[in-house]
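One chain, subunit A, links the two complexes that follow: it is found with subunit B in the first and with subunit C in the second.
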Partner chain A sequence: MTAAAAEPGLWSEAELAKFRRMTLVWGITVLLLLPILALLGYFMRLYQSGAFSGLRAEWFYAVLTLHSLGMVGTWFVGSMAGVSYLLLKYARPSLAVSKFAYGGTLVGVVLLIACTLGGLFGTGWYFLYPLPLYAQGVWAPWATFTFFAALAILGVSWTIWTLDILRAIAQRYSLGAALGWNYVVGKPGHELPPLVLITTVSLIVSLSGLAAAVVVIALFGARALGVNVDPLLMKNLTFFFGHDLVNITMYLGVAMVYDLLPTYAGRPWNTNRVVAMAWGAVLFLVLFAFFHHLYMDFAQPTWIQKFGQICSYLLAVPAGVVSIFGTLALVYASRMRWTLASTFFFLGILGWGLGGIAAVIDSTVEVNFHFHNTLWVPAHFHTYYLMGVVLIILGFIDHAGKELSGLEEKASLSKLTTALLLIGGYGFLFMFYWGGVRSVPRRYAIYPQEVMQGTLYARVAVGFITLLLLGILLYLWETGKRCLKALG
Partner chain B sequence: MFALLLFSPRRATFAQDSFGKPSAEPPNEERYVYKQIPDIPITTESGVENLSAIWREKPVLLTMVFSRCARACSPFLRSLSSSVSDAGGLGTDYRVVVLSFDPRDTVAEMEMMGRELGLGSNPDWIFGVAIPRDIRRLSTVTGFWFQWDESSSQFDHPSLVVAIDRGRLVRMLAGASVPSASLREVVQELRGKFVASYTLAGKVAFRCFEYDPNSGRYSLDWGLALMLLPGTCALLATAWVFFFRPSSRRRESLPRG
Partner chain C sequence: MVQMHAFYVFLGAGGLLVVAFLYVALSTRNARDINVRTAYSLRTKFFIVVLAVLGLGMGMTLGKTPYPKGNELPDKVVFVVGKQFSFALSDTPITNDQEYEARTYGTPVEVRAGSLIEFRVTSLDVNHSFAVYSPDDHLLAQTQAMPGYVNRLRVRFTEPGRHYVLCLELCGMGHHRMRGVFDVK
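Up next is the complex of A and B:
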């Protein structure tokens, strides 16, 4: 058991049991949200395929907003709960703070559901300034207020949670040790688990992203009081927040793979100089790569766009290449124990890599001019999310569920689940990519005559999503049983 | 005398006409850009012709004034004339249309206004009038307004020039004068060149960059400091957690790598 391997004296058995229980609560919550949010995505592709011609398009945008923010939030908390659980071996995160974050997340989710499905708030996750303040009669002011209240509550809860995990790490490691600086300069020092290194890097970045959200919300407040705010500044801050949050979720997922995959491969995956340098570079580069979201904003000076492209390219090397190479090296010629969890970890890293390649392509200014407003964009982020970090987190929940319940998996069902998720997932993604290459615009509820091919692609995608949902249901049935048994 | 008696009451009514919502802020270009300009008939020295007849030949810079204006109109037109000379391209790339929004104005009075400014003989400066209903239509799509001020017997109105290309509003310059650099950008746009950035009229807090249309260069502004705020907060919070918060009692027990 992962938590049982905690250093002696770090935790009492009773404390460990409570923390494991809290992790299961987080895991089951994620498993409950997954099918709901996935069905919202299913609804959107159905809408684009013309299945709901009588329904107002405003519903599409409200669902888009809930689906995108809900998914990003769900996997962020899933990854945070995962690393908290795995960190129990090395540090003492606070159970009370985890519970507080859980309460805040629940309140935030309820408010998000209220403003989107109840109030038709439909700006998309990026709520680009000043769109939330210009509802054009689609949503009421209360929906805008509720949306920002949800963001504020989620932001505060997650910031406190982030600070607490950093605090726990700081109790055992100095900042230099947690960032692996002794490995970088080649001096002997404390042994540093990759989980601690990547989590430290990720959470420092996460704090900056969450702080950006606070500044954005404050400036929206200033606008409501009559101050005209620079839209370029608002877009920069919004994408700084969104880009960081999404990347951090992926990095925390990768941290879990660094920690858990060795237990299946029977080989260690230790921090070394390359790993420490790579994640040190991530700490710097991820803060500037977000500029690739603003290539269309030609009011931004050209040197910033070039800097964004360079950082985006460079970022792919340390995080992606080092981790992918590490995964392959770990698995190659090992006595790998292939279970649902380890398969998901491996496939998750693969999906992260594939999505990363598509992202790097799109982060090239010349290419972005053609792809920016097409389905290529949802294609790439669904690749590293759905087939990347989502698989990793589902793998973690399955891993934890098995450990804590003692129930073994059925190999045949695991294979069927994996096959359905792979065929359904990549088929669904392929239709996004194909749509992007064929100039089908994103964020269109209904395709106009000029890009009517998008309707056909959406119909094909619906078929693949059906397979994907079957895979998800099968996974939920099996893993959910184990988690519920472990919960008692 | 008979004519005076006949028209005086009507003229008094026109003089008190107002249109639009007065504002201390200039019209927001974002709200009007790419709007279709109504193809209204205007009366000039050469007769009645539609605006489209002018913009079909070449783009148009359109401004609205009134001949009895004792305040901003003449200085504004002088400033526009000076900037047009600086920017060049008049007659080849665009023409300027000066319309009166005051129903009392006649073509002769507008022509006289042009001559007083030294523009009357230039065929690419077109001075004219239009009927009130059409002026209102034009004002609606350009954000223009005018308010009759009884105490001064003058109209209160913004000073505004809009650039029209193929019937659509493509740019708007508002303010007491027309900066040469800004008009040069507008002319560039009318020539079909891409202008990446320009400063909008009105106060905007926390700009990331300030754009200088004279040099075409950007300088950093206070908004960029706000961009540094999240990173600074993260660094301070990290420093707080690692250097001021932790108890270091357990650190010694860590295994050596």
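Up next is the complex of A and C:
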């Protein structure tokens, strides 16, 4: 299994028990945040369907900001906690740093709630420069300050956490070995678990993204002091950070699947030359794919726009050919033990693939010209988030909860949960996709006459979200019980 | 319509992926050992197919970007300024807030169907998106309205009638109310 099979002498039983407990605390926190943040999303679709006509639109944009930032942050920490737990077999990440990151995350979350629900700060999750400084009387300067303070605290906490995991890996593997370069040159030597390879690649990218976020926050500060800041530079930095953070979360989720799915399929999934080369390509390509967020900034040089499309397309190759094909090959005709966790891992990779297809389509400049900032955008990122990495992380929490509590699942409840999540989730997503095809803008509190069809799509989506929420509640009831018992 | 073509591509490729996952899930009912060499050989073929499809996609689309090409001159230039929460369109440059106010509430600009129109788009405050909708409510074209930069969007309209402009970049509490209009004759 996982932590129980740590290399001899790496951990004492007491240390392992403490780390497992911390993992459960992270897991339960994710399980608490999930329904709250999901309800905020439910509120937004209800608002768009006209259910809250008496409530000012400022509330919609504040909730949108909290929902999106909250979800991005929740699944990032969920994937980090999951990977840290699985790494216990091979390395010694610091429990103190994990606790520090947890404290920083809690403070950041409280500040985000204060500035959005308390201060109506409503710029969306990527707070595009200079919008936070143009409040139009909706949010006060304290809310802007609190927002950036929250980002700074989260950024520092997560950077230290990231550095610590890289430190733990570096104590066991050299950089070249951890990146699989030995395999690339045909001299594998000491075996490298895919979990370590993917985590190393992901966290290096993560550090570059977090560094960009620091520069963005510093430049906002400089602007407040009267320094002129280039909006196009800020946009590039913002999307570099945002794109990296979202992709890293997905890659860490995929790393968990590489590590855990073999235990259910009864077959190994080892690093080899192709796997190492694929993740090496990811390390390079993901740094430049973010340019597809700026296609509609015509002032950006055309060669950069085309380079962005090429990198975005090529990024699909290592993911699709190695990880998705690898999942299918691993499971094909295997003695698969289908549980809630393994089903979620399998479906999570499917969702990642489907969202990836929609993302590649949207990363075509010619198509983006018609889809940019329409509902196609939330459609594709909710596909690889909600039906991708979220399912994987929920699968991991269920796996860890079962492993540490010893409580088994009820097959009938697991099937019902999966069915509700699939029907509710993909039904909800379809209304986003169709809205994109019909030119409905994203992030509209109220749809004007020209795109009134968006109101109808929101009403249909509300029905599907209700099913989705029922599935989430059922999952929380079952998995929550196991996690709480394990926590004692 | 580009949107429908993209949707069909998504349904086709996504459908194939769903079928593959379903097939593999069902295969576990008949568990058996598989030949790893066969799997690797299949992966190589899959790699070639994916690369070919993506290469074809790039070949078909990379030359069709909406960015202005140097050797083509527009028949008419329309100046556009975005500001929380409206667009001002004008036949002459808009250089200050007064001109912006006057053009926001002025007579709609007129352009001729079939001629090449260049919109020179900027913003006086935050990022907006200048998104042009046809009379039957389809998104025809868009570019960002960014402070400090002028984005040149070129469009050849085929359908006469009143066209609407919506903002597609979140710009504050009145984002969904932000609009502009012009007429294609």
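Throughout what follows, the second predicted complex is superposed on the first by the 485 of 488 C-alpha atoms of A that agree within 3 Å, B and C clash if a C-alpha of one lies under 4 Å from a C-alpha of the other, contacts with A are read in each partner's own complex, and residues count from 1 in each chain.
We take it that a residue touches a chain if its C-beta (ideal position, glycine included) is under 8 Å from a C-beta of that chain, and two chains touch if they have at least 3 such contacts.
Remember, predicted model here, so these are calculated numbers, not experimental data.
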Simultaneous placement of subunit C and subunit B on subunit A, clash or fit: clash
First (subunit B), second (subunit C), both or neither touched by A:Leu128: second
Subunit B versus subunit C as contact partner of A:Glu58, first or second or both or neither: second
First (subunit B), second (subunit C), both or neither touched by A:Phe298: both
Which superposed partner A:Leu350 touches (first subunit B, second subunit C, both, neither): second
Contacts of A:Asp230 with subunit B and subunit C, given as first, second, both or neither: both
A:Ile204 touches, of subunit B and subunit C: first, second, both or neither? first
First, second, both or neither for A:Ala212, with subunit B first and subunit C second: first
First, second, both or neither for A:Phe325, with subunit B first and subunit C second: second
Per-residue touch tally on subunit A - higher for subunit B or for subunit C: C
First (subunit B), second (subunit C), both or neither touched by A:Pro441: second
Single subunit B stretch clashing with subunit C - from 41-49, 77-85, 113-121 or 185-193: 185-193
Residues of subunit A at both interfaces, subunit B in one complex, subunit C in the other: 230, 232, 298-299
Residue ranges of subunit B in contact with subunit A within the complex: 196-197, 202-209, 211, 218, 223-224, 226-227, 229-231, 233-235, 237-239, 241-243, 245-248, 250-251, 253-257
Subunit B-facing residues of subunit A, complex: 7, 163, 166-167, 170-175, 177-178, 182-183, 188-192, 204-205, 207-209, 211-212, 215, 219, 222, 227-230, 232-233, 236-237, 240-241, 270-271, 287, 298-301
Residue numbers on subunit A that touch subunit C, as the complex places them: 56-58, 61, 122-124, 128-131, 134-136, 138, 230-232, 235, 274, 296-299, 302, 305-306, 309-310, 313-314, 316-317, 320-322, 324-325, 328-329, 331-336, 338, 346-347, 350, 353-354, 357-358, 360-362, 364-367, 369-374, 433, 436-439, 441-448, 450-451, 453
Subunit C - residues contacting subunit A, complex: 2-4, 6-7, 9-10, 13-14, 17-18, 20-21, 24-25, 27-28, 30-34, 39, 42-43, 46-47, 50-51, 54, 57-58, 61-62, 64-68, 84, 125-127, 129, 131, 133, 137-139, 141-144, 146-153, 164, 166, 168-177, 179
